[in-house]
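Dumping the structure here so I can ask a few things about it.
Order of writing sets the chain letters: A, B, C and D. Residues in each chain are counted from 1.
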């Protein structure tokens, strides 16, 4: 048996624990491209007093670290461009000396996670290219569904690529327009017409800082400021850290140009619907972020309340799987009157450790991160909360841990409806067949994970908690109805999943 | 302004944030010794089926990582001794290859933090020495009050030292007895007669694994087992991780010998009183550990209840400074009926980062770690909980953050009586004059930290929550009454503090 | 005073000690490009028995390490492409594990040195790009004089660049032809029509290994083989190490295609003249290499003989500045009958060390590398040999060292005619004004360096020693007559040198 | 097949290439001690103007790097002691920051090589211990023959050890005397009475810098100075680098105390004979060092002359195995009139590289370091020089390389008489049975190495070249007659060699 990473076992809704979701696209011509499916965080800062912004970008990335732990990078501009990017956490890669070398009053930054295989420095961002009009640096969060098709067209026009990322495709498309039109906003608008999928971009072209959000607003992007700084970030927590406040979200289809004195907003596209990712509310964003005007924490607590209202069970206490499920459990407790207690203690130092091969490795992997307190649990009926269930393996192991610690009954409540379909718009998930809710009803899932009872949030409960219409959310992973046409780009994907499954079996 | 470490600002009761507590002992003879004051975790494992124990020691140290993050090490025995020790976290220093090189069915391990200056590899443990009877490896948690006197005596007998740690003194004392008596238990007993202070030791002499606890039981030490392993650890969480269970604590004054088949227990000393460190209950140990038979989590929750019973205030909600104050706040909420809510979100990735010099650095240092959610806080009356107040600087900053986020009233409740005196028995603390409660009454403290009201747990409340008599606890830092004679060793310490204060001013 | 690198002081004919020779090209449009001027070594290996070639490439690069110590890289092909490249020496960057990951029976490799500023991983080679026809990996040794012009044209056609190297320009030019013509040899031929300057290329396109040499043959490139391997290398020493033998040089203007069974040779261009770099014979190549059919060592020894024949001085002994001047001194000794002796001992461990700031730093920098033996030198008349004089600073210091060690007379003889003009075709040199022979006669130089007499090799002596006509050599650095039109590309360079000189003064 | 280090194959007279010479001493009592057999370089510097001496120690160690490449270290004193030591080359371990942290106007340093197994940081020097009188730092070059006996006695008196080195034994012996007598010179003298073997020591006790050489002067130690510095070093090259001059050698049996103003010399022991190691002259010291008043380079050249005088062969040319055999070959050439030529070119970058496993690995190992130039060799009769022959494997391979390159006849001449017996006094060598000259006459050796003729220097030739009486040299490795009684300490060694041989076979 090889080494098992506890991450593989533990957090099934982030791509950390979903090896193999990369798309292997079988190419009839000459090469086989493995396109990484990223989850990312992006940031941009402009200092009107012309201070160096690298410290502010560093803190912004630190506050976005939960969105990607594989690589990170910053590009700044002070007449010249300065870029530092590398593998590892923000605090591992950057040091004082590196930050001091990043001179400039405007800059952008990125944290990234990709599935596997292609976790190479070549894919780290910002992606920086020089062209006849100057230099373009770009950071991207999202997934371009038709990127292979766009790439093929560029290649046929003689374009060559050094990475496998969507970002390089977007960069070359923009530059090709820009060297013709010499108008950056026009160029981005033209490119947006071609892109199918999700994208929040921050772009640096000399002293222009530009924020772009796809016409459906699938991935988040916010605008903040304080006396000196104008800031862009995937999440508003980045502003809190620097004593800035959120101005507003970048609107779906908006291009925002930030230079010295003002923020120019161009609404390049306006659609009748939006498609805000519901998973940002349920799990992915930090609870202290405000997304599309809605505090995430409130949504999560309200989900707990709604679950309580829909529920009829009694128990000794309600308890979360820390940290993400805490507001769900607190909301439920407040609404139901059932006391809230801690029963699982998280080890803050485990992080990205390895687990040595031995018999109990899989169970150990969970125990290392979460330790059940028998003194609290023994003989008790417990309602345990998770934010979502993806493959179900962690839920199963935690319920088993609770039972071993003496729990009489374990009832699981989940802050998100059943996930039945692969996200194709920027959240890494396992393939459909690995999703426990794919083709199974709730009772079948309950049996697999071993709970005494199992209830999910309803889709109506979800929209109610978020406070948005179903038509303003992307719920593709719940309903398999995606807000963009994915089918026609998907056929090329299908063979690869067969490959991947097989190769997984061989490991 | 130089670099400020957020650790310096944030966790005032651990030595991470108390620079300068090393003892600089002015020596009239020939040298000036800086003795590190350690906080540590120790572990030992014996495999009856003769499996390699290094993975188990690795996981044990991982579960003790909160007790020391500066250096770590493991020594194993399989006929020969194998030692690997180095700077950094357990997951940073050890890798698969290193662990595989640590062959042996019995071994010991250590995690360590020391204040400053002497954070050198020479002081990393296990400390391993070869002598005429074989080899001795030793790990120590505690503080030997008369170590300088013992060291002087050894030096006068011709002994030379390579480190500045108490541990080397203990090792040489044991060996000197052992080469004469050839009886390891007798030797340890003789040395225990000489040692004044706190010590939990794990010792490896060829295939003997030995656990020793000082006659007052000041620092914790537990015994666990499963089908194969016999385990020693500073805390019982180490056993949970490996599916083992706690057998019992090593008793004050006990020497426990573990070899293949059995655990031989020798009660070398038995005193009429004990002196269990109250701070292990309040802050230092993990909440999921069981200490002297008492679950830590229960103690902390009971403290919250007692505080509620002693209190008469009303508020919109009760909220903890996460993570350590959560059980206090929950206990208070349950007893008082005031709802429990989260108001501060912790960034899990900040860890040991640096902060770049700029005006708001000190405030930023707190914000980076703890972000107040304005949406929860605005217009609310809040009872905020901390486990203890040492210097008061963090409390002050957090109260200020809450007010900026719109809190109407901020009432602080503290799970530990006022800390008025330097711990001299193994917990690192700033000097007396840095302690906010040294020479100040509660009202004066309240004004400094800016709370609307401030209440501490009473000493009676503390003993009631722990369930032990005052005479069975060490409460030296609360009462300045220490369970061992410290005065006669202290005079030599006094001049150093003057030095330290002065040198602090110079920084 | 800052840190002085002994390399800066010691070996004035390689770019190691010529800071500032990068071309800063003032760009009227939007950006300022710093183009690195590289010196490099390239290698390629094909195994007919389909063994992994990465070990052979590793040894080849090790034998070419003197051609570049800044970065190194290998790309192999086994159906997929595998690339590892990084900063540092071949033995520092590559380890067993990295080499084992480089699977494939065909591959290419590179060692590189560039002047400064742009010593970044982005410029490390092989440069690998994916395009619509597949993948292209390329390594380059040389300097494309019109690369900026070509780059501008590509940029205007929408091409963007991630590096500042000529190599990326060549790669994109080839790919643009290739995706149209689908004929790699035709494409390379077309690109060769556009390139002005020097280039020895090794290219890997899937299983084709291709060697290309510019029409004048300025930079070297050789072909070797043994029973299994077909090999390409900048120098024939690479073949010796692997028990292979040199077949022949790649001819000026030749494109050689190597696949499984045969070597297809296309003579794309044939010019009436050649322009073999004379500096490869005098200094840059290893003495044990055979270049254009001529053993380097023989050339160097013959230079010594010719110098003796042209000379009329008497001395106690002839002595080299080791290691490069040894064959010159031996040849002179044999021809003149004056004994050969060692007088300067080289410290083999100094390498790339730093020198601490203090008064004698500059002298120390030489002493650390070369120690004069007073016992051999005292009271003697010495003829000391150097291979060439570039800035003259090292010659001056060595003569001074010899005098301090007691030498009565120090006569310097130089194995190369005076270097009067900047090399623009692939050897890094300081700017014209830093060249001691630029605008000075021999007597003026003698006074500056402090020799009792000074004689250079004549240009006739050089052609005689090499055995080639002046018209078959590039002697641009001696005569300022370059074999390619450089003038029309040069004007753009001029302003930059002014900048550079000024900034040098500030250091 | 595993990895072969070229070092293992290439330089048979240094311990780099003699794995397994460690003494494994079977201990009847409790542990098995592997005592490293070191070769080392030591240095000490005192600045009368109270400059920081760490840069000077750094340069001294750099000039002694050939004496040991495994670990290095420096201790300085400025009221406090500062020590930095670590694994690797001087330029790898030390950087500017480390050197700047080593404050103090007096200090000592060490470079070390040990065979294997025990190449651990614990054995790195200076060895620093604190005792009741202060601190003692010590560096040692040599081998204490009776160290195990002395160690046993100390252990029986209760002393424990952290390393396996002789140096720790010497340190504890000195301290035990010193804390009693409080007179450092008296203490060292008393300890010298007990030590059997070779030792050159530099000791730092607060501001006293002390140099000690064993009564027979086996290992070298020199004294140098310039206007500011008083310097001690294993070799006089250290003085050259810093513009200092050699004053004299430390005399056999001398203790030299260096403080601010003067050098106090105590001749603790004076013997009727000396025992300068002849191998320092022949191979180990740098050619530009002056040893016991005799320039090494002159000795080596004279050896070549004597070999010529004793010889009667004719050849096309004389050629050295570079670098060490150059002066031998030059001396021979001058005396015989046979021309001197280079035929083997050394790759300066190979250093400590690994060799990948494959069939030709052993041959490759030599080729990587030394490349024969066929153009010089083909059809020629060659007299090839080596400084010494230890195991004969390298000689055999080089002769084979020369024949493959086309040499007609290869005659080997050796600058040292046959090495027949293991050095037990500080030069690492293989065991007797691995020495090719152990039990074989010259003709038998000639056949094994494949030379057309083979001649060694005679013992008379050696003493003549050095200019000392046989009675003033240690020639134990040539004659098996050692200048100290080794027999009585050797029996305990015998079993270990059997072990070692067996374990070698298993590799």
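In the analysis below, a contact is a pair of C-beta atoms (placed from the backbone, for glycine too) under 8 Å apart; a residue touches a chain by one contact, two chains touch by 3 or more.
No experiment lies behind these values; they were computed from the predicted model shown.
Novice: Taking each chain's centre as the mean of its C-alpha atoms, which one ends up farthest from the centre of chain A?
Specialist: Centre of mass proxy via C-alpha means gives D as farthest from chain A.
Novice: Per the centroid of Cα atoms for each chain, what is the distance between chain B and chain C, given in Å?
Specialist: A distance of 60 Å separates the two centres.
Novice: So how far apart, in whole Å, are chain C and chain D when each is placed at the average of its C-alpha atoms?
Specialist: 37
Novice: Take the average of all CA coordinates in chain B, do the same for chain D, and state the distance between these two points in whole angstrom.
Specialist: 49
Novice: If I count partner chains per residue in chain C, which residues reach a count of at least 2?
Specialist: Residues of chain C touching two or more partner chains: there are none.
Novice: Provide the full list of chain pairs in touch.
Specialist: A-B, A-C, B-D, C-D
Novice: Within the complex, which stretch of chain B touches chain A?
Specialist: 3, 55, 58-59, 62-63, 65-66, 69, 89-91, 95-96, 99, 237, 240-243, 286-288, 290, 295, 297-298, 323, 326-327, 330, 334, 339-342, 345, 347-354, 356, 358, 360, 363-364, 367-368, 371-373, 375-376
Novice: For the complex, give me every residue of chain B touching chain D.
Specialist: 29-33, 80, 121, 128-136, 152, 155-156, 158-162, 164, 171-172, 175-176, 179-180, 206
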